[in-house]
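Take a look at these structures.
First chain A sits with chain B, and in the next complex the same chain sits with chain C.
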Partner chain A sequence: MMKSRTLDIATVSRNAWERLVVDPTLGVISLLVIFSLIAAFAFPVFYAGNNIYNLVGSSITVMILAIGMTIVLISGGIDLSVGAVMALCAGTAASVVKLGAPLWVAFLCALLVGVIAGLMNGFLVTRVGLPDFIGTLAMLGLASGVLYIATQGVPIIGYMTSEYYVIGGLEPLVGPVTLPMVVALVLALSAGWLLSRTRLGTHFFAVGSNAVAARQSGVSVRWVKTQAYVISGVCAAIAGVILAGRNNNVPADLGTGYEIQAISAAIIGGASLMGGRGRVLGAVLGSLTLALAINIINLAGVPSSFQKIVIGAILLLAVIANYLSELARNAALRRRAKRDSQASSLERTKKEI
Partner chain B sequence: MSQEQLTLRTHGARGRALKRLAAFAASGALVVGLAACSTVGSSNNAGSTASGDVGTAVCGSPEEQAAITAAVDGRTLKVGYTPPILSEFYTQVEKSAFNRMHELEECYGIQWEWARQGALNDAHSGVEAVGIVQNFISNEFDAVFVCSAAPASTMQEIYAAGSEGGVDFYQFNSTEELANPSQADDPTGGLFTVSNIGYDDRWQSGYIAGLYLAEELNGAGEIIQILGPSGSDWTKLRQLGFEAAISEYPGMTIVGSADGGYVRDQGLTAAQDLLTKFPDVDAIYGENEDMALGASQAIDLAGLQHWDGTSGIITIGADGLLSGMDSIRQGKLSATVDVNSVEMGRTMIDTLFQHEILGMTVAQFIRIPTIVVDQSNVDWAEAKIAASLAGPGNY
Partner chain C sequence: MKSSSPLARIMSVPGMPMTFVLIITVVVFQMLNPVFLDASTLGNYITNGIPIILITLGVAIVIMGGGIDLSVGTVAGLSAGMTMFAFVNGAPLAVGIAVGCGTGLVFGLVNGFLVAYLRINDFIVTLATLNIAAGLLVVLTQVQPLQGVDVPGFPELTKSDVFGIPTSLLIAGAVFLIAQIILAKTVLGRRLYAVGISSQAANVAGVSVPHVRLMSFAASGLLAGLAGVLLASRLGAVQAFLGIGYEFIAIAGAVIGGITLAGGSGNAWAALVGGFFLVTLQQGLRLNNVDPVYFSIVTALAIVFGVVFERQVRRVILRTALQRTSALSDQRATTAAASARSAAAKSSEGNDDEK
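Moving on, here comes the complex of A and B:
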């Protein structure tokens, strides 16, 4: 069984060029470089003032969701409920703070909601047997419905404290660094470590690549997939707590559309909808690419109707890049297999002689 | 320019004086409205107590009350309410409607069966609204209040089919003015609705927001706009009115626009991007209040100064949300166009009652008053909404 995505690439080819081509983040890195160059030449203000800083700040929520989504995609699932769960967690945190509880209690409550949502997603998919798409769609309806009923459509306000301004990134933590930036960095490093250095990470790739083979190898596919959904729920909870601070209020439709952005960022970052493929670095760069595209559109004064077209085009380019990268990976695998076969055949011939 | 537009035009010092006068008059009207209420049969804009006290002033003379009660005959009206999304604004409208329903129930014994359903996923496509309205038709509701982002022609087809089945349709807060419907030769204006209750997004929202900015800036300044989703009829109409107002002041320029998606977070990001490119702007126009509040946050994050009456950046939105009033008081949001959710809700129920119970021919287009709220009149604007939300109506 492959140890990790990084090792998988190393196993596929020892050739540096091949390793680069089969890396799932190649597409998104290329896009980021191209966009940054275009922006730098077209708009002198791109590197001026706080633009890059604002751009990173605006991408944090999607980035955190995309990290969780990448793990779910690697394990062969998809989580359509992240936006709604994020909003529900934001509402939970805001309501608990409003009741006068300490901030840490509010965050624990939000985290608990995220974990429960993840467990329910896992239950619906692995125990009830619903397709991932349907199971998490049901959770989307459930989470958004609960928030609508709880709020009666009226946004939750009046929970912002001076500490919450820091949590939302509206006040810096140290120098220009905001707390959401630190949280996103810690999450990305933790998720990267989980995927590349732990048995669970290996199991995510194994289950996503071939669930039957993983099961036959003794991996509990149900539990592994459930854990992926729980991680996604935790990421949604963290994103919700941060967004509640950034937004200053929690409307019932806070999470609308975030699931699409998270899936887009993960796919742009090289994750495959077929499972078994993806990187946390890709999710981070994917969310930055989306934020960069919107930034360029706004700076260029392009009519907002083009925003969806541009994002759709980026997604298409990323999928094509992924497809080409997948082809390159398969070709490298075939070459490697051929080399191994030739080597063993030569070995046998030598022995026979 | 029409007479309506002419009456809206105000310039310079005279304009500011007129604005103060208008605010004073509106305050007075509110006080009068709260003190002296009228019966349902007298006017579409019948005022009444927001506290829910029901007495002779609301119910009319004993003879009138008895006659209307006899007309009601204990009937139950089954009403559907379909906002494009369940938001703070539409909750304010609904609560105000509930208060008026409560008063009518107390006065005349009418019973209500109320069902609310708004889009849960995509408010701006209107796809969900079509299904919701069709559901109300198949469940044989007496009347349905609709505010939808679905194409007007699609909704008119549904109204036509539903009307044949005995369902009456009332649009509220809608954008029918986009097609410039005329009653010159057709009493319905070409619509299959009983009535359209709202305000003119061009002249009662976008236009007066533009005038406010121009007057505060003495006719000279640069503006950035945070707009709703491209293709939205509300965006088109408000933009039309806003640009018309700005075009009257050669010194005023719109230097940049971005999509804020009608939500605060996106409004914040859009405003940050535009402030990077145009750090010296004088004003930000947020087409709705949430986006304007996001823009206000962007001003804080960029370390820029909010408008203090002489310098800084003016931020204006539109909606009239209770949650936005505090920001106006704190000077974080300079102003908002209050499109009068309270009056809208009450007028919707009055119109429904007049037509369904009393058999009156109601106006196809009913325009409720709107007003720019800033620090000079925020107290009463807030009190009006708060009183409505604390009212006794609950269905």
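Moving on, here comes the complex of A and C:
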């Protein structure tokens, strides 16, 4: 399903330039390369010391959220609650650790909160019948409200054990590799496997491309969409546990603004808001691109207050690039159809002769 | 609809079911705390709510055309900032107001152009401009502190009243009236509904869909700009994070008022009622000493409640209407059958029994 949708032109087109223009993943890779080249030429500091290492480390949270977001987008939904749910899970993990429970209990609690949030999103969207972004917007309000009430606006602190420094990626696991990197890699690989090799993955694409057709083919659209939201909730929980470690404290507004970064990363990576299109690799590269862009503006000495403008501008650029890519795809299809019809008419004339 | 009862006819107008809920809410809050409807508190809470309600109207107009505008909150914040920026740099009253409204209009036009003419998803476009506007306001506050101006006439926009009615309420009332007239009585307004119901059908019918879309986003931006001017007038100082989260309340207000997100239905009254419902809820909770942090939860629950309530009301109306028509047709069928039988009986009077 995925291959036939995202690679239709890319596989048939022999023209490398055409392939580059129409394949969203190749597009984001080229964006990444161009950004890196700019960074390398303009700021020699870019390759110095731990800069790239820190950059990758800082992109992990968004990356994990973007993987879940991509799956939701593929199934035709959108999850605005990821940031708030992530913060709530971070708060849950931190407070349970603070109560003196072992770490695994804390993580299970956080995971449970993520799963419940995902189920509630799924319930609001598929059973109550709210539009996706209204249902998850309500969930955003709910999750951030609960965290505010629980913390009374005071950041949660004092949960950082020595193990938690490893979990947050502040202490490396083996050599330069940190645990969050390993977690993100495992998550990306399993999400990629889920999407391309399992029945559920195919169902995500089917539901996102055409929900009516999927239902008529016997797919339980409601349950498939609910599962997508649960996966997104789980990703938010994992990201929350990691971010709690990375951040050293959990303020009530920890998750603010993460939803736009996750959506941006997924969109840059080629996911479509219309559903049925998206790639895990794209989400990973998209989050790296975002982190890279923020890194470049930091290196350029631009005040961090411009960060929001830059994220917004990159998101706009990405959708405009998607639009242009769509135009190019249609043009290529038309050219191909013309060539085919010419070839067939040529054959026909040959036969007639 | 002609066969339905007067009550059903009233309730099927978008915004009417919520009007009754709003009245009940006000009565409940008044009983809980008699200060609620005191002249000073009432004037204060209405003035506080008006920027939000104007933003709600803007979002509602976009939703009626089948779109969505997430940028309204931060655009209002930025417009407030731009107004103050103009005043700090010595602009006269009219120029400052024009700058504020113009900022909103520019954002609305940019949103509209990207959505309508480049056909980029409205959700993403306005999410991006939300962040751009928020970021620009942060930068603006770093350039210059946006406070401490003394422009004669500016605070009076929100702090004076005419015959006991707050000036800003009069402004908002005029805006809502104009909006309703445009929506209901002009070609552009009717086209907006047509585009909201089905842009393809509207296109086939000769409506320039991109033009209508552009106008709806421009209206939303302009209203956000006006809301920003009123915000600046009321607050007297603009902080970096003004307007963040307003879009949540505005969209919630539109939805709660009874404007379906599918587009094609709704009116200015529904936006007014929905917006006022949330403002009332906020004020009522505050007066009853509920911690303001509960408000986001209450808003979230109100969205779910509003959508379900609206749909339930519509379902009941539809069901009674169906029952009525089916009862009518049953009746007609039975009378027809009876008359046919009697006619048959008459014609067969002379013949032998058939049964």
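Things worth noting here:
Note that the second predicted complex is superposed on the first by the 295 of 353 C-alpha atoms of A that agree within 3 Å, B and C clash if a C-alpha of one lies under 4 Å from a C-alpha of the other, contacts with A are read in each partner's own complex, and residues count from 1 in each chain.
Convention: contacts are C-beta pairs under 8 Å (C-beta built on N, C-alpha and C of every residue); 3 or more make two chains touch, one makes a residue touch a chain.
Given the structure is predicted, the values throughout are model-derived calculations rather than measurements.
Annotation for the three-chain superposition on chain A: chain B and chain C clash.
When the two structures are aligned on the shared chain, A:Tyr323 is found in touch with chain C, with no touch to chain B.
In the superposition on chain A, contact of A:Leu273 is made with chain C only, not with chain B. With both structures placed on the common chain, the touch criterion links A:Trp193 to neither chain B nor chain C. In the superposition on chain A, A:Ser305 contacts both chain B and chain C.
By the document's definition of touching, neither partner reaches A:Tyr47: not chain B, not chain C.
Shared contact residues on chain A (touching chain B in one structure, chain C in the other): 141, 144-145, 148, 152-153, 303, 305, 307. Interface residues of chain A facing chain C in the complex, by the touch rule stated above, are 78, 124, 128-131, 133-135, 137-142, 144-146, 148-149, 152-153, 260, 263, 267, 273-274, 303, 305-313, 315-316, 319-320, 322-323.
Those residues of chain C lying in contact with chain A across their complex are 68, 114, 118-121, 123-125, 127-132, 134-136, 138-139, 142, 240, 248, 251-252, 255, 261, 291, 293-297, 299-301, 303-304, 307-308, 311.
Those residues of chain A that touch chain B in the shared complex are 43, 45, 48-51, 54, 58, 61, 141, 144-145, 148, 152-155, 157, 170, 243, 246-249, 251-254, 256, 291, 294-295, 297-299, 301, 303-305, 307. Of all the residues in chain B, the ones that touch chain A in their complex are 85-88, 90-91, 118, 120-123, 227, 229-231, 256-259, 263-265, 268-270, 272-274, 276-277, 279, 290, 293, 297, 300-302, 323.
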